[in-house]
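One structure, pasted below without further comment.
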Amino acid sequence: MSKITCECGHVNPEGTVLCEACGKPFEANQHLNNNKPEQLLNMRYDGSARRSQTYQRTFIDKTWNFFSSVKIGVSIIIVIVIASALGTIFPQEMYLPPGSDPSTHYKDQYGILGQIYYQLGFHNLYSSWWYLLLLAMLGISIVIASIDRFVPLYKTLRKQKPKRHPNFMKKQRIFGETDSGNIDYKKLKANLKSKRYNLYEEDGNILAEKNRFSRWGPYVNHIGLIIVLLGAMLRFVPAMYMDEFLWVREGETKQIVGTDGIYYMKNKDFILETYDMEDEGNSQFRESLQKQSAPVPENYQTNAVIYKRTDLPVVPGKEPELKKVKEAEARVNHPIPLENGISLYQASYQLNEFSSMTFKLHDKGDEESNYGEFTVDLIEPKDEYELENGTTVKLERYFPEFELEDGEPKQVSKFPRNPAFIFEVDAPGEEPEVSFAGIGVNIDASGNNDYKLGLTNFETRDVTGLTVKKDYTLPIIAVGAAIFMIGVIQGMYWNHRRIWIQPKGAGVWVAGHTNKNWFALKKDIDRTLEGTGIDFPVDQQEEKDAEERRKDDGIISD
Amino acid sequence: MELSAISSNLLYASFFIYLIATFIFGATVKMTNEKTNKKLGNAGIGLTIVGFITQIGYFITRWIAAGHAPVSNLFEFMTFFGMMLVFGFIVLFLIYRITLLGLFALPVALLVIAYASMFPTEISPLVPSLKSHWLYIHVTTAALGQAILAISFAAGLIYLIRQVNQEKATKRTRWLEFVLFALMSALGYIVVASGFGAADYKTVFEAPVNEQMTEITYEMPAIAGPNDGELVTEGAFGPLFETPGWMQGVNAPVKFNTIIWSLMAGLVIYGLLRLILRKRIAKSIQPLLKSASPRLVDEVSYRSVAIGFPVFTLGAIIFASIWAQEAWDRFWGWDPKEVWALITWLFYAAFLHLRLTRGWEGERSAWLAVIGFAIIMFNLLAVNLIISGLHSYA
Amino acid sequence: MSGKTIKKKKKRLIFRSTLLVIMLSLVVFAVASAFQEDGVSVEEGETAPNFALKKFGTDETVELKDYRGKGVMINFWATYCEPCKDEMPYMEKLYPKYKKKGVEILAINLDTTDIVVEQFMREYQLTFPILQDKDGQVMNLYNIGPIPSTLFIGPDGKIEETVIGPLTLDKLEGHLQDITPSS
């Protein structure tokens, strides 16, 4: 185990398959690239000494070598692919209908398979520790495999010499010998230059090379991927990422969560528009709209006023002094930006929450009679209401959202979703009467009331649901993605091409190699050799294929 | 004539032009004279380009008529995908000049476009989340990426039919027949669906869905009826059996029934062909492909992945993330469509690594191209139709 | 083996170890963060964050930091919370005794409608100060999940105890004793 000195005089690191300088195949190391004596050379990593292939001593080295293997990397990818697919069989927990209980939902909806799915934890697959671990292993594999390959490949390509070993030349896929003739080297060089090849010369041997940079593409795109993964990881740092939700009722001004009490917003109006079939501007959609059973939404929008607090430092809970910053609209695809990278996204809504109710006092038996009307504001109701005829209606109890439990009204939330009231009606000179009124209920407490309170009208308001989002990892991920794209384009849309030309006696040898796109390399060679007196080299691989085919055909026709 | 009518006529026209071009490419198979071959190839590609321009005409007129880029539902997306397939083919043909590629890539494109027209074709309005410039930036780039990747399937298929040893039945020959059968099932679906569509066939059932009696309309005779369903239409055919209860949703029995019909139709077409040819389909095609150089076909297959992969990444991952960030406040949310885009991406990444560093060329690479196309089609159809998610617009 | 090779190998081992350790710690960080429950309430032993809320039915603003030196019990409640109704009478019972000993009860109400609170106070005849947190700002500040939730804050301003769910009379008295300032 030590350095290999080549016959050309170059000293190679151990594990080298082809001499860095002249390309001579080292007998003892050919197995590293699966090279067989009778076959063409495998040119992976230009035969450079990949470190993972050499030492395997310590635990660290073994771990390193494990992750350095492309086989392991691809295996990890395949496992991730299978795991990811599993996660799409049934919906993930986050996409269940709001309010459903995952422990029963999967069983109820998908039966025994759903139950198993839930119990295996597949309902939260993408945030499970083992899925994260798989992604992390892929990340580690990318880092180590790239380092192990980039460094030796870079060194080899830098140390390569124009003069190549005969065995290297002969075992290239593109190879040709011209025995003698009038060879016009000048024209050859000019041709190569016009095809943008860089020329290197040594004792009359020529190396024409172009697009070496494309060999770095894979490593550049791997750097991009690592940056993306690191960026995604930074989301776990609380200062980098915030995801809050805010419900604001129309007319209400509310502190924007996640802004440390600095920002407030008022919901001036929530708008839900649907496509109107009759509208001339929608005539092209008429046929499609007619088929729909429900109206098709056209726009969700919150007209908001953004305020900033001026009484600093912030004391939570204290009535704020607000300064208007701006009026803005939050629509789907058009969030409202605040300062510091925080944005408000239109995400949800609830329509028609009650805001006020109007009652009419009338005789119990006669709906037409009318002793006056009053309107109860459901957010801040008054204690009592004076009617025109001098009657007072006292609001004894108010339940914003009520449920009957054992005949007793019970309050279940603070939102006026299903309001109910206990009223005491005090008509002048008469006994006070108590009645219970709500939507669809009107109970006479004593059973012998003279009056009744009937609901005549109500008003509603909408509630908008906004997400408050901050994600400082976005620029990092964007940079990572951009680097990835640069790398992948660099590696895929350009190819590293090399042509070696060696004078041999009166004639010349030509060999060519590319990391991909042999078709274009052959075209390059054909064009550059034209009129130079050099014979076109052959694709030894194609020749071999053709020979095999002839053999096959022979067998078939026998 | 109304603009939308012109638009559909242009689409029809392009379909028939592609069809004729396919036959011209087909004619090259039997030709031994290189000169006529070249002429035919030129005619074929010329006609394909004419068809492509006609289809661009469809695209532009429909865009004008709708007021938004026509890539907003399954019909529009699939026709666009078909158009991009043709575009990908044109590009690769101009590089490699393989006429055989036309014989395989164009039928795939035709199948995709015909399949598209089985979905509702009316111009539909955009829901709020689709109202963004990213609709056409993301969708068109993603479709282009997928289409170029699909060309590798066409080339891979040529390779496999050309190279898989057909002397005796093996696992490989059976899988290859299965791939051909799958293509015929797609064709079968188109035939059956257009047939019953033309006859305006309808059977109505009543069945409990989420504990509520719901009306379910079949547009093909019900082989598999709804679970616990009751036939409403009098004298209608079927059902022969019921859809299993674990298939949830109003549309599950209809979809299940459609799949059965497609497979049956595919089986009939396949069976008829087998009867006529009296040998494996691939074996019958094999001699026609003798002139193709397997190594060149293999390179075309690889090249289309190399060209398509960056485009797919840009369109289906990066642009998708930017839009998702804007519309749904997160650039990645593990929605099934997103997950399957990631799966596609990882799969082709694995393809490239296996090829570049482990020497998976030729047949192995061709099989991978077939699997890759299956994943793309799964994401295109199954995720929209079977797995519901944010992307189910059809 | 020459000295140079050994040195090189050593360098390589150090490089590999360092990189592996860095990557391993990143993985541990990610997995650990993914498993951290978010929304952990304000920790016991920490200084209770300050707030200022309006005292119900008055214009007076009450600020927590003004109670330094006294024991403070903060109770989050609402009229629609059933268990709150059970523990309110205990608080009312013990309030006069502990007020003299230097313990204040601040009951933070989370309703939005004044009249509902008024009616509740009348029904249960509450005399300790009720603070109003209509927006739930202080509730968010303290990361309160279910109600009732009660915090006992010592004279030094540090949170001694957090109780989620209703209290019995005995338990309540015990906690109040713990935060009574030593005279």
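Read from first to last, the chains carry the letters A, B and C; within each, the first residue is number 1.
Please note the rule applied: a contact is a pair of C-beta atoms (placed from the backbone, for glycine too) under 8 Å apart; a residue touches a chain by one contact, two chains touch by 3 or more.
Source: prediction; values computed, not measured.
Engineer: Indicate which of the five shapes (line, ring, star, complete, other) describes how the chains touch one another.
Structural biologist: line
Engineer: Name the chain pair with more contacting C-beta pairs, choosing from A-B and A-C.
Structural biologist: Counting C-beta pairs in contact, A-B comes out ahead.
Engineer: Which chain has its C-alpha centre farthest away from the C-alpha centre of subunit A?
Structural biologist: C
Engineer: Find me the chain with the mean Cα position closest to the mean of all the protein Cα atoms on display.
Structural biologist: A
Engineer: Nearest whole angstrom, what separates the Cα centre of subunit B from the Cα centre of subunit C?
Structural biologist: That gives a centre separation of 58 Å.
Engineer: Measure off the straight-line distance from the CA centroid of subunit A to the CA centroid of subunit B, and report it in whole Å.
Structural biologist: Centre separation, subunit A to subunit B: 25 Å.
Engineer: Approximately how many whole Å separate the CA-defined centres of subunit A and subunit C?
Structural biologist: Measuring from centre to centre gives 36 Å for this pair.
Engineer: In their complex, what parts of subunit A are in touch with subunit B?
Structural biologist: 34, 42, 44, 70-71, 73-74, 77-78, 80-81, 84-85, 87-89, 91-92, 94-95, 109-111, 113, 126, 218, 243, 275, 282, 284-285, 287-289, 291, 296-300, 331-335, 343, 345, 347, 467, 469, 471, 474, 477, 481, 484-485, 488-489, 492-493, 515-519, 541-542, 545, 556
Engineer: Would you mind writing out the residues of subunit B in touch with subunit A in their complex?
Structural biologist: 4, 65-67, 95-96, 120, 122-125, 127-129, 131-132, 134, 167, 245-246, 248, 293-296, 299, 302-303, 306-307, 309-310, 313-314, 317-318, 321, 325-331, 333-336, 339-340, 342-343, 346-347, 349-350, 353-354, 356-359, 383, 387-389
Engineer: Would you pull the subunit A residues touching subunit C in the complex into a rising list?
Structural biologist: Going through subunit A, the ones touching subunit C are 2, 51, 55, 58, 60-61, 63-64, 127, 129, 132-133, 136, 139-140, 143-144, 147, 230, 233, 236-237, 254-255, 257, 261, 315-319, 378-383, 395-401, 410-415.
Engineer: Over in the complex, which subunit C residues touch subunit A? Could you list them?
Structural biologist: Result: residues 1, 5, 9, 12-13, 16-17, 19-20, 23, 26-27, 29-31, 33-35, 49-54, 61, 63, 78-80, 82, 110-116, 119, 131, 133, 135, 137-138, 140-141 of subunit C touch subunit A.
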